[in-house]
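What follows are several structures.
Both of the next two complexes hold chain A, though its partner changes from chain B to chain C.
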Partner chain A sequence: MTLKIVLRNLLAHPLRNFLTSGAVFFAVFLLSFLQAVVSTLDAGVRSASTQRLWVQSAVSLFVDLPLAYESKIATVEGVEWACKWQWFGGIYKEESNFFAQFGVDPETFRKSYPEIIVDDEHYKNFEGNRTGCLVGKDIALKYGFRVGDTVPIIGRIFPRPDGSPWEFKVEGIYESKTAVVDQGTLYFHFDYLKEAIESGDTDGEIGVGVYLAKVRDGADPGQVQSAINAMFENGPQRVNATTEAEFGRQFVSMLGNIPLLLRSIGGAVLVAIFFAVLNTMLTIGQERTRDVGIMKAIGFQDGAVFRLMIIESLVLSLSGGLVALGVAKLLEPGMRMALTQQFPGFAMSTNTLLVGLAIAAGIGVLAGLLPGMRIRNLTPLQGLRGQD
Partner chain B sequence: MPHLIDLKNVSRTYQRGGESLEVLQQLDLEMEGGSFYALMGPSGSGKTTLLNLIGGLDQPDSGQVVVDGEDLATMTSKELAQWRADKVGFVFQGFNLLPVLTALENVALPLQLTPLSKTQRRDQARHALDLVGLGDRENHRPRELSGGQEQRVAIARAIAMDPTVVLADEPTGDLDRGSAEQVLVLLERLNKEMGKTILMVTHDPLAAEHAREIVHLDKGRLGRRDANGNVPVGGNAGEDAPS
Partner chain C sequence: MALVPLNYTVRSLFTRRSTTILTICSMGATVAVLAGVLALQQGFATMFVEHGRTDLVVLLRPGATSEGESAFPRDRSDILIKSSPEIALGSDGQPLASAEVYLAVRRFKVDGGETNVPIRGVQPKTFEIHGDDLQIVDGRNFQPGTDEVIVGQSLVGRIRNCQTDATIMLNTTPFKVVGVFKSKGSFRSEIWGDADRMLSALNRRSFSRLIAVLKDPSKVEAFSERLENDKQVPAKLQTEKAYLESQTLALSITFFFLGSLLAVIMGIAAVFTGTNAMLSALTARMGEIGILMSVGYRPFAIFLAFQLEAIVIGLAGGLLGCLLVLPLNGIQTGTTNFATFTEVAFAFQTTPLVLAVAIGFSIFLGLFGGGIPAIRAARMKPTEALRRV
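Let's turn to the complex of A and B:
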């Protein structure tokens, strides 16, 4: 009966309650989206492996390291192998089609990332073709790349002297089971880039952006990290070896304090919507005064009418919130595709949805408290007379 | 044998616009169970206040209100709510039905407070609706009923819990003569056939004629007559109050 009264009361003012519920819808949708962005940014840090260390220049991530460091790093006690990574920074057809491209060592790259799923045959073809590339599932879907296609990339850091694009043949499309590796990147042979620089087919200098050092099973990553840093302490170029988690954090911090900014925006929206729902609930509370008087007169306890108001507020808020979460989940694949460059691996995780649900429920409970307390404290006669 | 309703030295004062308004002054009143009382008097004489005190909707500033052996002045609001649910059926001038519920649901509303099953509650509410002659209107909302029908639904709600006493505050005040007569006959039947004690506040002498005893209240003084205007044997003080 309680739920029946609540639902019928809400349906008695469909437009007002639809608009209030709609406000909650937009708030929860936005908050869930922002939470998903923050979670996506954090995912790389949370999913980081302790067995992978990143070695970069101690000066800056934008300063390349010498090629000779690869063999030196590999000799450090506890390091199994080192894999070169070089940022290419090219453009696919036009500026707006930006996605990440890295030159890597195909053999050690795959061994370093068992979380990457790619057809063995395709990977073998990639290893065997100096101009081949691997593309992530997301950009393959977005741009329609298929195995065998040629992807033209205009070099910005490594431009061809005649301005023509680099051409990479798609040998495989990978999926990723880890947030550390997104599905929006193109990987090609580092050696292809190196040879092009050496032969003058492209401008730019030979160097390695970062080395990935794989820590041998059983070795202490902390000690390995210290050993790598110590090895290059006296130059020729000092390095900074960091854990994968720390490396991910650096990338996030390069964007500024995005999580704080997003949470601030979300918080402001949340407060605004809370007051909108509270305003509606106060109006509803006023409207229920006489009904509450009747119910109390015939024997309902103060707590029962208080619960009625809380339930009404919860239903109002959760109806908007649940629809918002459903829509957000439905739109997740499209949003992931649209945001593949800005927030690769974007996902509406179960945690994000639960946070959204908690926010909707929280708005409902809090907005129901004040009118609930008011009607709870009414005497039956005050209620019947419509008094405060 | 103790009286069903026993008020001793009851006073009630309200604050209105900074002034104290003493509505009831050291009032004594005894009422027997199983009777039908009409409580009459001019506006502001304290009729509704007296009804509210007897119904546990209000509490006196001083004195004792004992109904069915229980002193209401000593009860907490929680105990009073439970007591009202168990002992009292209210019928108001403005009907006071919940507009979003059907006639049947309104009647079944107080039964929510009992341990009865859903089916039992529905059956009991249907029985009450049948008693007031509205069995065929159970799915109608209050706005789909006439005033007289609404008041009969309110009466069905009042008796659904099988209360000890039915308190009716101007139950015919908003009704035309024909509907009012139906409601009054119904209250009379509840008293005669079901033995319910009924206390009805009314301005209307014609309505009061349906009662077995009339209590006059004016400026805190009580007078009592039977339906024929005679002072009953053992009548209370205040025989000289205006009739």
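Let's turn to the complex of A and C:
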């Protein structure tokens, strides 16, 4: 009965209510998009493992550590193995196609990341092929890489003297179950890079950007961290061993005020949409004055007419909001692919969707309150006269 | 044709006060978002691109796209500077060129968190090259050959140990901060010191880039071509302006993308809201429209009156939006330019252009929001309108 009245009322002004619901649709869509971006930014921090430590130069992200550090780190009590990571920083065809490439040790890399899913056969081929590479599912989709393809990458930090691109053969495509590893990276053999520098096939210097140190089960990561830092206290390169969460937070912190900026934009969107819905609800409340008078005259309680108004407002707001969240979820794969460069791992998480739902419901209830309270306090006579 | 008096439009807005105010607030918030993002983009663009010189060139290793990736060993950079007659000469007859070491170092922010601050090691000629673009505002300049540095003004108060008399550690070497400098361009978020001391403290063998002033700025192309094909020391040459543009392209595109996305999505929502406000104005004023028509106003005049009313609402929203973002002017903000992985600090700039675009956008919102209701009003039959009072 209640719902029937609400629907009849809403359908009596199809254009106006469609526009209001539409405005909520756009606002909630935008809010959930912004929320997804902000939560993607620190998703890596939240899902970090305590079993992986990152050892980097204490001076700068751009200063390499000596190759000899690998065996030294591996001897630290509680470290199971160390895996070399070197940033390659090349470009695929054009600068606008940027994605990350890292030279790693294939054997320890796989052992360090049980969260990475890749075909065993393919991984074996990757390990066996010095010029092979492993690419993430997102860039594989975006650029159409398939197993067996050759990916040309122009080196900028490690340029070939004749300016020609490096060529990596795709041996496998990986998926990642953790936000720590995005699906938009190309991994290749560190040794291939090292040998190319040694033989003069490329400019650049041999070094390791960061070491991943796997902490043995049962060992205390904090102690391992201090032991590694102490080991290189007097140089030649001071290091900073951090937990994976801390390592990720460092990149989030680099964004500076961007998350705050996105949140402020979200706030403004919220204000704009709240006023819009409130406006419609106030108009509805005015129009409903006479109806309410009749309803009260035939025995409807104050609470009932109040509830009706709130429900009407909720339906108006939620109809737009729910469709927006559905569309956002549907567009998720497309947006992830489009944003793989700016926000790798972009996802509409359940949390994000729930936040969107709560916002739509909140707007609905709040916008219904003011006109709801007004009609609750009307006497039947005031209502019938059509004035307060 | 007689137009409906402007007075009528304005008075109508006042009689429906709450709807008018709510719609204006809603549009104001929309316009404020667009203007805010634009102000950010403007602040960013003025800082980087507008201060780039065209008589100053930047030389990088071939293949490198930023100074962080580029490398010039000392012997090569010396040859390049000495063997290039295209470079202007300074007051002492030496080429106006400087090799620079550049590295983004890890620093801690005063309010917590870490960021990458660019450190630039420069040779003495650099100060003659930059001239008045660079001014010491506190303390003094560093002495060449010593472990002293000066810090850019926008680091002060944001990055730990960035003030006169503090000490900055680079790996295992302490550097003393002896002064603070200001610059209109991006140098103001950098730390500067002696190039050779930086090389040794940072354990590096190569400079990052060279800068040089041209004798004849119109011959950039020829110089660039010669260096590209140089057998001994090939190099990639760009004017400072072009270099800065290439460095900030990605971030500029991101701002532009963000701004347009917000403008389109929020704009549609605002048009819907505006349409609603005008529709309810229409419903409330049926009788008046009927009267206006029966006293002889043409449908087009009615259309104009409603359209005008919507535009006035849009314009008021635009003014409110501008008022909301004006206090942002000059507020410093910082983020990382991921093309160079360094922190850049810049201020919101609510330039006249930003405000003009915001106002234009708000008129546009009013125009579109008022469209449907105005057409509906104009199409009404006088008898019908009068009957529906």
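As a convention for this text, the second predicted complex is superposed on the first by the 387 of 388 C-alpha atoms of A that agree within 3 Å, B and C clash if a C-alpha of one lies under 4 Å from a C-alpha of the other, contacts with A are read in each partner's own complex, and residues count from 1 in each chain.
The rule is simple: a contact is a pair of C-beta atoms (placed from the backbone, for glycine too) under 8 Å apart; a residue touches a chain by one contact, two chains touch by 3 or more.
Worth saying up front: this structure is predicted, and the values here are computed from it rather than measured.
Participant: Would you sort A:72 into first (chain B), second (chain C), both or neither based on which partner it touches?
Facilitator: neither
Participant: First (chain B), second (chain C), both or neither: which does A:268 touch?
Facilitator: Second partner only.
Participant: Quick one: name whichever of chain B and chain C touches more residues of chain A.
Facilitator: The partner that reaches more residues of chain A in the superposed model: C.
Participant: Between chain B (first) and chain C (second), which, if any, makes contact with A:194: first, second, both or neither?
Facilitator: Touch partners of A:194: none, neither chain B nor chain C.
Participant: With the two structures laid over each other on chain A, which partner does A:329 touch: chain B (first), chain C (second), both, or neither?
Facilitator: After superposing on A, A:329 lies clear of both chain B and chain C.
Participant: Starting from the residues of chain A touching chain B, keep only those that also touch chain C in the other complex, and list them.
Facilitator: Residues common to the chain A contacts of chain C and of chain B do not exist here, since the sets are disjoint.
Participant: Can you check the complex and tell me which residues of chain A touch chain C?
Facilitator: Within the complex, chain A contacts chain C at residues 15-16, 19-20, 22-23, 26-27, 29-30, 58-63, 89, 95, 98, 154-157, 159, 163, 203, 234-238, 240, 249-250, 253-258, 261, 264-265, 268-269, 271-273, 275-276, 278-280, 282-283, 342.
Participant: In the complex formed with chain B, which residues of chain A make contact?
Facilitator: Residues in contact with chain B: 1, 4-5, 8-9, 12, 290-291, 293-302, 379-381, 384.
Participant: Once bound in the complex, which stretches of chain C touch chain A?
Facilitator: My answer: residues 18-19, 22-23, 25-27, 29-30, 32-33, 36-37, 40, 61-65, 68-69, 71, 103-106, 109, 113-116, 170-172, 202-203, 250, 254, 262, 265-266, 268-270, 272-273, 275-277, 279-280, 333-336, 341, 343, 372.
Participant: Quick check on the complex: what are the chain B residues that touch chain A?
Facilitator: Touching chain A from chain B are residues 52, 55, 57-58, 77-78, 81-82, 84-86, 90, 92, 96-101, 105, 108-110, 112-113, 157, 161.
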